[in-house]
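Below is the structure I would like to discuss, written out as structure tokens.
Lettered A, B and C in written order, each chain numbered from 1.
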Amino acid sequence: MLLDLTYDVGNIWLDSLLGILAVVALMTVSALMLIWLERKISARIQMRLGPMRVGPYGLLQTVADAVKLIGKEDLRPNTADRWVFELAPFAVFVPTFLGFIAIPFTRDWAIAFLDLGVFYVVAVTGLSFVGFLMAGWASDNKYALLGGIRAAAQLISYEVPMVLALVAVSMVAGSLNLTEIVIFQGHIPLFVWQPLAFFIFIVAALAELERQPFDIPTAESEVVGGPFIEYSGIRWSMFFLASYTGLLIYSLLGAIVFLGGWGWPLGEEAGLWLQILLTFAKTSLLVVFFMWVRFTFVRLRIDQLMSYCWKVLIPLAFLQIFLNGLVLVYGWPDGILLLTSGAGLALAMYIIYRAVDTTPREVRMVPARGGGASSVPVSVDATGAE
Amino acid sequence: MIGIFRSMYITFATMLRKPVTIQYPNVHRDVPHRDRAFPILLWDENVVEPFCTGCHACERACPVECMTVTMKDNPLHAEGKSERRKIVDEFWIDYGRCMRCNICVEVCNFEAIAMNNTWAGHELSKFDRNDLVLDLDQLLAQHKQGKINEWVAD
Amino acid sequence: MVQEQELESVDINVNMGPQHPSTHGVFRMVLTIDGERVMDVEPHIGYMHRGGEKLSENMDYRGGIGYQDRTDYLAQFMNEQAYCMAVERLLEIEVPERAEYIRVILCELNRVTSHFMFLGAFGIDLGYFGTSFTYGFREREFIQDVFEEVTGERLMYGYFRPGGVVWDVPENFVQRVREVLPGAKRGLDDLDMLMTRNEIVAARTKGIGAMSLEDSINWGLSGPMLRAAGSDWDLRKDKPYSIYDRFDFDIPVGSYGDVYDRYLVRLEEARQSIRIVEQAIDQLPDGPIMPEKMPRRLRGPEAEVYAAVEGARGEYGIYLVSKGGDKPYRLKIRSPSFCNLSALRAMTIGNYVADAVAILGSIDIVLCDVDR
């Protein structure tokens, strides 16, 4: 790996170590900033101010929270399964960090340029559901168990549409290597050719991150915290950080695969700082979109969530792959891709429209004066006689 | 899909609205004229004594029985400086029991008790619950310092 | 021969305990669930019981107002109205016109604030992370500012007295009320646009917890829950009290009796309350606010009296038994939340756990009203 700004150390182990440390440091700081951003965006949507006191405009609020969490007592229920309980936060946190190894931030910056980039990222980030199951089971708490089982079901189910959407895109781009996908998008990003796959990717990413409308495992108002209910202090903050790191990684993946990554619109030869800026801007767009969606929707019930995945998203993803296959085999021009995928997206919207009966229900208005007798069948007069 | 777009539109529109939040410890909102915090006693400056004569009217009318009053003969009356024959000796109000219903103000014949309508009536936190029982000097303190707004209700 | 052996499974008890973010107060529900379906619900109430009816026997007719604020603490003016009506019926006191108008204006504005609170908390139960709550509370705060300028308190008003109101409204009252009404309409429109046609809200609430009209009457429901089931029974229309028969307003009636209908009924009711306030504020007359010949101590004859108002949650009634003297012998409060809550088990069995929370939210209980 060559860093333009630093020197080549020569030893490949040290190279990788430096890269990994740089990415880890960068991602930790980004997670802190993302938490601040989420609180500010949620506050603005809810017409209030958000953190304002710690640091200018509350920028140091996350640091204060981190210090507080480190100082908390490390509780563990007596009847909890000790090793499973203590290892669960790491089982959630580590896979998400491993996903960063294959992500190309610019043309020359990545820890490893893997030929199986997409495959690697999806496979590794999908391992985190084990941590939820471990936390749910080991906490010896019914709420935690409910939340853990719901989380496992949801995360496993929504892996499938995400993988299928990314496979569909890789078919069009011709490779699983993330850098080649970016180069393929030279002038037109892939969300133009594959809007249906983009839609499925967004929905599946929301479900993988357990954000509204798919946050039933950690539903704040029912199973307060779900599998994390018995954790406190730094262990709980690992779950929290894992959630925001996951947000970052899915936004990066979406920006690279669908929005053109560091390449579009300036092409391959743009300077290093422009590439960083492009990646940053596109990732921020997706991050802000995810946060906007989080505070706009209520949560789906677990059976609705599962039926949506298996009955709607997976057939649509297969449809997308099939249509892509048709276009690629017969060598039709690229415009057909847009037509077919756009039609698929319209079909998806139509299914959502028809799945729920949203005809606005009217209530009947009865005028209070001169409205006639009331419709309570038993008539009781003033003295109580019937 | 329409409903989803409507919801997203309204959350976007509210992002652009100005919040009405006031950051409290730095900025205090103006309390309205009739604000009704806890009761305080009033001090007559012309004759240097409280208005209260200790007649027990408010103590009897209080629904939660949060006051204790005793009266004594007024030494200033014996000297001819005041028209009040009796004056309050000791007066305790338990702010922890008071429910701020304003009945003590309504029944007082001498307009000696009033509801505090300044911020000091709201910022009364104490560390010990027994400190919430205020005696005569503490109740008179605020009016003696002149820090009360005009209270218009009768 | 292969014998089929069923997998043995045990229903687990989940305790949605007294401290829980979504039970609207200290309320305990013990759910027996099988997987995700609720098999049985056992509500435990009484955590907020303060012996209010007994305490009221020690307070005279003027002091008893203070307790009425603290039962249904979101619709306080209606509670005070019921109490004052009961005492006025007992002592045969006539309330002057201006006091009646002021009472109606404040009661209907209070209904609007109560429904704002419901709409906010309902969104929280369904899954918002706070969005609907602040939308509702922003406009509610402006209305509460008007209440603070009139009475002096933000929540426990204590403003009505038997015979009228305790002091007159400030000079800028009409102008202030007219200032907050457009804001209230806009707040209701915001909540409407956020929740009413949202597909996910519809999927979560349509068909859940439905009560037929006959079941609703058998369980003794009242208020928006009964109107959502299909009946247009409203005490303001069917047994008019105070001066409600002078105003034009509509009563929203649902048809399915499920959670979505209750939400729609309350949203429309708030709009109709704004309509009543607009008419009343135009007609506000001048005059005294207490009758001239008001006795200093209110002593009652030996009689029993019942007075009910249409509160924000249903029929709030005061049953007063007096045996002479200036304190009641027995004061019984017919609280709407208690009677509405009794139907919780019938509505929840067979639904999912997430629906149990939505149904509880749609009953719109206030725990101090359930437990008095």
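Simple rule for what comes next: contacts are C-beta pairs under 8 Å (C-beta built on N, C-alpha and C of every residue); 3 or more make two chains touch, one makes a residue touch a chain.
Please read all numbers here as calculations on a predicted model, not as lab measurements.
J.: Using the touch rule from the top, work out which pair, A-C or A-B, shares more C-beta pairs.
T.: A-C
J.: Identify the chain whose mean C-alpha position lies nearest to the mean of all protein C-alpha atoms shown.
T.: Most central by this criterion: C.
J.: Where the CA atoms of chain B average out and where those of chain C average out, how many Å apart are those spots?
T.: From the centre of chain B to the centre of chain C is 30 Å.
J.: Could you state the distance in Å from the CA-based centre of chain A to that of chain C?
T.: Chain A and chain C have C-alpha centres separated by 40 Å.
J.: Measuring from the mean C-alpha position of chain A to the mean C-alpha position of chain B, what distance in angstrom results?
T.: Roughly 53 Å separates the two chain centres.
J.: Out of chain B, which residues touch more than one other chain, so two or more?
T.: Residues 1-4, 7, 11, 14, 20.
J.: Out of chain C, which residues touch more than one other chain, so two or more?
T.: 131, 135, 138, 194-202
J.: Hey, what residues on chain A touch two or more of the other chains?
T.: Residues 45-48, 295-297, 352-353, 358.
J.: Considering the complex alone, what residue numbers of chain A touch chain B?
T.: 41, 43-49, 52-53, 292-293, 295-297, 349, 352-353, 358
J.: Of all residues in chain B, which touch chain C in the complex?
T.: So the residues of chain B in touch with chain C come to 1-4, 6-7, 9-11, 14, 20, 32-36, 61-64, 99-103, 106, 115, 117, 153-154.
J.: With touch defined as at the start, can you tell me which chain C residues reach chain A in the complex?
T.: Chain C residues touching chain A: 12-14, 16, 20-22, 36, 123-131, 133-135, 138, 194-204, 206, 214, 217, 230-234, 236-239, 244-245, 247-256, 260-261, 264-265, 268, 352-355, 357.
J.: Going by the contact rule at the top, pick out the chain B residues touching chain A in the complex.
T.: 1-4, 7-8, 11-12, 14-15, 17, 19-21, 23
J.: Please name which positions on chain A make contact with chain C in the complex.
T.: Touch residues, chain A against chain C: 42, 45-48, 142-143, 146, 212-213, 215-216, 219-222, 224, 294-304, 352-353, 355-358, 360-361, 363-369, 371, 374-378, 382.
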